[in-house]
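Please go over the structures that come below.
Next come two complexes, and both contain chain A; in the first it sits with chain B, in the second with chain C.
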Partner chain A sequence: MRWGLPLALLVVLFPLFDMIYWIAVRALPTFTWATLTTDQVGLGGGLYAMIVGSFTLLGLATGFAAAVGIAAGMYTAEYAPPSIARWARVAGNLLAGIPAIVLGYFGYYALVLYTHWGYTTLAGGLTLGVFMVPFVYRTADLAFANVPSEQREAALAMGARPGQYLVRVALPIALPAILSGVFLAMAIGLGETAPLIYTAGWSSTPVAGLFQPTSFLTGAIWNFYDYPSTEGSFQALAFQAAFLLLILVIGLNVVVQVVAERYRRRTRGMMA
Partner chain B sequence: MDEPISPGDRPALDRSPGFSESAPPAALPRPPAERSLRRWLGSPLALAPLILLGIVVAVLAIASEGQNFGLSFWGPVWEFIPTDPAGSTYGIALFALGTAITAGVALLLASGLSLAIAITLTTYLPPRTSRILTTLTDLLAGIPSVVYGIWGFVVLAPYFASSLEPNLRNALGWLPGFGGPESAIGGGTGLLLGIFILTLMVIPLTTAVMRESLRSVPREVVEAGLALGATPWEVVRRVRLRVARRGLWGAVFLGFGRAIGESVALAMVLGNTIQYPPSIYGGSYTIASFIFTQLDSAFFYPELLRALVEFALVILLITIAFNLLGQRAVSGVRTRTVPGAGGRA
Partner chain C sequence: MTPAHVGSPDGPEPILSVRHLSVHAPNRRILDDVSLDFYDREVAAIIGPSGCGKTTLVRSLNRMTEVAPGIRIEGSVRYRGEEIYDPRVNPVLVRQRIGMVFQRPVPFPLSIYENVAFGLRLQGVEEEEVDRTVRRSLEQAGLWKELDGDVERSGLTLSGGQQQRLCIARALAVKPRVLLLDEPAASLDPTATQRIEELIFDLRKEYAVIIVTHNMQQAARIANRTAFLYQGRLIEYSDTHQLFENPREKLTESYVTGRFG
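Entry: the complex of A and B
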């Protein structure tokens, strides 16, 4: 299998670098500070509205996903009877497997049509949050389960209540792993389009409000990718959004790796 | 009587009768009454994923309003007449074919490539190179679908239209499906590009699961093979692949679930045309990409909206089925959090 390595390089590395190269080539020539700070005005303009929108949606979604995911993970790992825990884990994996467009339809029907709100930032944030829950949940579950049992025994031996153990012993130990899970979920959430297009809608004004539609980076790419590629055009905006997304996503992945490495180093000393 | 030495050997002080040395991390010990009540009370919290899943399915079921489209739903004709929505035919077969072809071929290619890559990563590379390549593969998993889509549409499609497809037609035109006309839109979008992009999107996921499957083959078994004089390749073929077989199939199932659910990237490169593609260069839709592109215009036509939710339910059920199969197959494998393991689109 000597051809395994060249094959791997070809199949994995070539698309990755080709993608990054071409997006950079099409995005950077017109990429200025103004791109990040101006709104999209007429033809061209800037990404400011979309950046604010993406981060607002991400903030809402992460808040929801972290709250639900960490709490559920803690209970599944520590408290739940084994039968319940098994069902919860299966459900978590199923939730992770729901296609994003199906979740988008769910958000569209439940939060846009049924409530008669129309397209809102809140709807987008909640739908994205539901999408992100299983990723946080799985890591939190694993994180709490991997806390060495010696810690639990030591805490209980010193007279701690289970609640005290959870908050003051288990949580700090599990925190790096949980954080890496949250960052991973954020990286995934930042790149999602389908759950957001039909919930958050589209808008050219930034920070319009929680019950207003909003624009976002992935939506910018979806809306502008097929415009003619003339100078200063919408399509250039799409590439700039793509470039920004790549930087953010790769950056978050790097952070996850770093946190995971520090966690590995820390718990290595704890295992007997 | 010899006590087995356990990894966590502690001085004799703690060793009292009745303590099991290798007790698995059990739940916190508590008085029986409080234990049951507290644990079961907290269950809704642990079951949050299940509750969310139930809410999603329930909402979709409600959205369909129990409308049974009858036999024509599974039929081959999709004919939406805006002036007569109630009389239109909503047949899923066209889109199901698109999903089947794109996901099926993509999985075929991705499985083979992923297996080769995973074997290389676990057996033939030094650990440092292996780790770098693993990180890069996981990075590929994190790239948003829209970015795959815009790369495919703007960079690859012109190349496909000008070089790849003419060459293919010359070389393989005698094969059915390879000699047909350009896609109705032209410009390189179509089944070929769609399958290419989809394969790329699935490979990181399947590679990761296969890699972990191969890695979790017990060392003793591998060393036994080597001790008996097998070459590394023979060890792979006869030992690792056999032992890891369930996990490898799990990777294929999970990848299939992912491929079926992909909507955005395919909506950008598949050359959206409601047709049975005449050749591999022709454009079409998949169920997921069709829902994605039609949902906004469906706002004005409730019947179309209901038809689309039936589409969504079909994909959801298929994805759940393959997800469950994949979970069962992979259950013996210790995975880290596998990036991208889910129906992201």
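Entry: the complex of A and C
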């Protein structure tokens, strides 16, 4: 026992540090400013188109997931009859557990083939958004449900209609928790590959429109990693994309922590 | 002190008139055929042991009982002759005229100023009027001077007693005629409690105040009339002095002399 527990912790943490090291030594030697600012050219070049593509897809997906997830969470916590709310929470958890590749295939079928759009940025963004929705939905539902019921009673006793209570009292209280859910969903979505490979297509130049295909950072790893290293710098590009993704995801997780801490501080006086 | 004139034909018109009010939860009856009148510019106290229905009674006076699911209400509550349970009556308007302050202070997570302005903003009152009313309400609640006019900080930064007076100021801002107070001092220390009691004493110059309390001394100190509830039924309602000194009912006497509680 004495050594077993710390050893288990070491086994948990070792892959994280090993992976960071492993990626950094392969990415950093060739990582320059130009890596971030030039397009993919032939078998080499930079990540510019993929960075723009990733953020465009993430922006579309976040917009979709936040709008739908927050509204659905608000409905579940405040309006839905208890039986529907219980069922919706189970369904939300199920959706969060669906393998991303299955969702990717669903996106391919529904948004690429059925719509006759072909591979498009919009199809990729929406599929990624569907993947992210349950994370926003669950935190939004929880955040609204956690608003102390006295706040609701006090607002209604002041002559507020339920909608006015939601917008003026519940939303400001719940917002930091909801935001941390949105950032968490962004961190997860940014690192996803499967919802995009069948939907967003690929393009070596920056995204030209919603109905044009686009490249994305995780796609660089998916597409370039197994190229023989003798051909151009494709493999280096894959590691550079991986390194950049690590930095961005860690950054987003720090934001989640900061926002969550702010939430705790803000509601402290309320639960007294 | 005026003599008790509960429902007497020669007394002044009651501001709130409760008749045969019964409230049912899914598997028990909380209030059983309660009838009593409340008058303007008076303090009425409702006392009784825990679970006797005191809170349900006051919550039924501004239609807050129905906020909880599964509650069934029978009987009549008239505000200045108008039935508040008439299906055509908007509960929102009832709650604006009959304000309520809860057992635990519940400031909204807004500034002190915006807390008091809350009800006015819901009604779309003009900015200048909001400004005047917020200040006057905070003065009435004895907070304006105490805070030195610093009303931009969060209402959550105030002490418990100040928070409760903030909630009273917030309720006063929408100019109600009746103020319902549900054990407003239950979570406060003696000093803060005394301030609240002084405030209630002042408020009765302008409002009908109905206060639920488990503290009989408090009822004796501030109320003109006192109602004693037991197991959902109104046992006795009379002039406070009479109820405490010379109760008509045996049950009341046992309760006020502390033989059960």
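Everything that follows uses one rule, which is that the second predicted complex is superposed on the first by the 266 of 272 C-alpha atoms of A that agree within 3 Å, B and C clash if a C-alpha of one lies under 4 Å from a C-alpha of the other, contacts with A are read in each partner's own complex, and residues count from 1 in each chain.
Please note the rule applied: a residue touches a chain if its C-beta (ideal position, glycine included) is under 8 Å from a C-beta of that chain, and two chains touch if they have at least 3 such contacts.
Given the structure is predicted, the values throughout are model-derived calculations rather than measurements.
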* To do: Report for A:108: first if it touches chain B alone, second if chain C alone, otherwise both or neither.
  => first
* Asked: Thinking of the overlay built on chain A, is A:172 touched by chain B (first), by chain C (second), by both, or by neither?
  -> second
* More chain A residues in contact [chain B versus chain C] -> B
* Asked: First (chain B), second (chain C), both or neither: which does A:134 touch?
  -> first
* Asked: Between chain B (first) and chain C (second), which, if any, makes contact with A:261: first, second, both or neither?
  -> neither
* Asked: Of the partners chain B and chain C, which touch A:150 in the superposed model: first, second, both, neither?
  -> both
* To do: Kindly classify A:158 by the partners it touches after superposition: chain B alone (first), chain C alone (second), both, or neither?
  => second
* For A:194, decide between first (touching chain B), second (touching chain C), both and neither. => first
* To do: Check whether A:79 is in contact with chain B, with chain C, with both or with neither, and answer first, second, both or neither.
  => first
* Structure fact -> Check: chain A residues flagged as touching chain B and also chain C 150, 152, 156, 272
* Asked: Contact residues on chain A for chain B in the complex?
  -> 1, 4-5, 7-8, 11-13, 15-16, 18-19, 22-23, 26, 68-69, 71-72, 75-76, 78-81, 84-85, 87-88, 90-106, 108-110, 113, 130, 133-135, 137-139, 142, 145, 149-150, 152, 156, 162, 165, 181, 184, 187-188, 190-194, 197-198, 218, 221-222, 225-226, 229, 235, 238-239, 242, 245-246, 249-250, 252-253, 257, 272
* To do: Show which residues of chain A lie in contact with chain C when the two form their complex.
  => 148, 150-161, 164, 168-169, 172-173, 266-270, 272
* Note which residues of chain C are touching chain A in the complex, please. => 62, 64, 67, 92-93, 95-96, 99-100, 102, 104, 106, 108-110, 118-119, 121-123, 154, 156-157, 160, 167, 170-171, 174
* Residue ranges of chain B in contact with chain A within the complex -> 7-8, 23, 25, 27-30, 38-40, 42-43, 45-50, 52-53, 56, 59-60, 62-63, 113, 116-117, 119-121, 123-125, 133, 135-140, 142-151, 153-155, 200, 203-204, 207, 233, 236, 254, 257-258, 260-264, 268, 288, 291-292, 295-296, 299, 308-309, 312, 315-316, 319-320, 322-324, 327, 337, 339-345
